[in-house]
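In what follows, a single structure is set out as structure tokens and then discussed.
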Amino acid sequence: MFLAAIIGVAVTMLLILIRALLGPSAYDRILALNLFGTKTVLFVSVLGFLNGRPEFLDLGLVYALINFTGTIAVLKFMQYGDLGWDEASKDKPDV
Amino acid sequence: MREHTVLRVVVKLLIAPILIFALYVQFHGDYSPGGGFQAGVIFAAAIILYALIFGLAEARRAVPPGVLRVIGALGVLLYAGTGVYAMLSGGNFLDYDYLAHDAVHGQHYGLLLVEFGVGLTVSSVITSVFYVFAGRGRRREQS
Amino acid sequence: MRYLLGLIVGLAALWLLLSGHYSPLFYAFGTGSCLLTAWICWRMRIVDNETVPLHLLAHAPVYIAWLGWEIAKSNGDVARRILSPGRSISPTMTTRRVGPATDLGRTIYANSVTLTPGTVTVGLRDGLAEVHALTDANARDIEEGDMDRRVQAFERRGGVRDDHSHDGG
Amino acid sequence: MTALIDMASWVLLAGGAVFSVIGGIGILRMPDFYTRMHAASITDTAGMALMLAGLMLQAGLTLVTAKLVFIMVFLIITSPTATHALARAALHDGVRPQLDHDRRRHTEIEP
């Protein structure tokens, strides 16, 4: 029964991947990649149960975290072209 | 991106749990997948998240680059020191069996110490790399 | 100070849940980890009522249960629209003045709206939320503001000082 | 009793898989970026919650369940935040939504 869930997640990941390849805008691709990340979390969790090793959940959590950080970083870079940018302190000289 | 209400509130909420999770991965490396490298990356991710939202200058104030350099060096020293201590106690480099009176405890402490060294170095080096890269954006070159 | 203590207690609870190893060595690691984390958060100046929303804890279950039910309902609705042949959507954008005055309350509102399938908050500035809805009916729900009132009540009932205000519903 | 829990967990897992596939179909089928986000939120809420709940029933009252709850809370907080940030950035960048009705009050908010 875990296998059915895994297949479902895998099919979803495939569909999302098609959207990521089709685009058309960069935001479609980022949306697809972000979703692909959360599906990976599910995939890893269910896989851990399938193999009888629930410690895989830690990996899932790490993936969720890196996925979120990555999405925010990409968005910030697209918007400002600069990862360290801060509007509130733009007048202050850089340290 | 401090003016972005939702992002700011959520990131503030998440930083503490992420840090504690990083430390959990650090110290439970021999029981579950993980260890020093992953823990270092997660720890650095929390600081990077902070820097993305509150800006590089603010992150450098909270976690100064000078301190990071020292911690990175300390990590390597801890790693090498564990190895050399094992050599002095009569084993090979990083031969954990010689760290304590019996081999099982030696393995345990050796692994913890070496992983801790790896974690220290990885987290501080990744954060330093981020500081350097983030400081070279498009905006800064224009102004 | 209250928030720092709350943060440390919360972190300790989280550590105990995550760890699963209860020996003196791991208690020592846990204590050190909690203190280190709290110290870094203190240095980052993020220890306040947004990071440690103590005042919301008591009433969170009621709100979460209600939100879960809302999400379940709209999930079914949107899933049907995706599967039905032909065009069954009528994308609409609308704005609504957000009731909660604090940033935390506004964030809870914006994220609740986004979490519910069929509506996404695309902008939140100066207490005005801009919402993209999948159908006209979804947009009407936002304009009526049931969720807004729920968040307001959630925040107010959790609030300690302000209990003489009238009920928004 | 065990059989009953197994059955419930199977139903939840299957439901999660079905909802996430529906969301995947929606992501391919929807006409523009903003409507695709609604399809995405199906897989992120129903798909995720049902599947993790199914796993929780399998794990029982153990620390594994605590970890699953932690993952669930983390995803419930981060996924709408990422979606919101994405939508905001897209609108800011001038990606126009295809709309049937537009009831925004333009005087008060700039797109």
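When the chains are written out, they are named A, B, C and D in that same order, and each has its own residue count from 1.
Assume a residue touches a chain if its C-beta (ideal position, glycine included) is under 8 Å from a C-beta of that chain, and two chains touch if they have at least 3 such contacts.
Values in this document were obtained by computation on a predicted structure and should not be read as measured data.
If you take chain B and chain D together, the chains in touch with both are A, C.
Here B-C and A-B were compared by C-beta pairs in contact; the pair with more is A-B.
Distance from per-chain Cα centroids to the pooled protein Cα centroid is smallest for A. Taking each chain's centre as the average of its CA atoms, chain B and chain C sit 30 Å apart.
Each chain gets a centre from the mean of its Cα atoms; for chain A and chain B, those two points are 22 Å apart.
In terms of their C-alpha centroids, the spacing between chain A and chain D amounts to 13 Å. Centres computed as Cα averages put chain A at a distance of 21 Å from chain C. Counting partner chains per residue, chain C shows two or more touched chains at residues 14, 18, 110-111, 121, 124-125. Taken residue by residue, chain A touches two or more other chains at 58, 61, 65, 68, 72, whereas all remaining positions touch fewer. Counting partner chains per residue, chain D shows two or more touched chains at residues 23, 25, 37, 67, 70, 74, 77-79, 81, 83-85, 88, 90. Here the chains touching each other pair up as A-B, A-D, B-C, B-D, C-D. Interface of chain C with chain D (complex): residues 14, 17-18, 20, 71-72, 75, 78-79, 82-83, 89-95, 110-112, 114-125, 128, 130, 132, 134, 136, 139, 143.
Residues 74, 77-78, 81, 84-85, 88 of chain D are the ones touching chain B in the complex. Looking at the complex, you find that chain C touches chain B at residues 7, 10-11, 14-15, 18-19, 21, 26, 29, 33-34, 36-38, 40-41, 43-46, 50-51, 53, 103-104, 106-107, 110-111, 121, 124-125. For chain B in complex with chain D, the touching residues are 4, 6-7, 10, 13-14, 17.
Across the interface of their complex, chain A is touched by residues 9-10, 13-14, 16-18, 20-21, 23-25, 27-28, 33, 36-37, 40, 43-44, 47-48, 51-52, 54-55, 58-59, 64, 67-68, 70-71, 74-75, 78-79, 81-83, 85-86, 89-90, 92-93, 95 of chain D.
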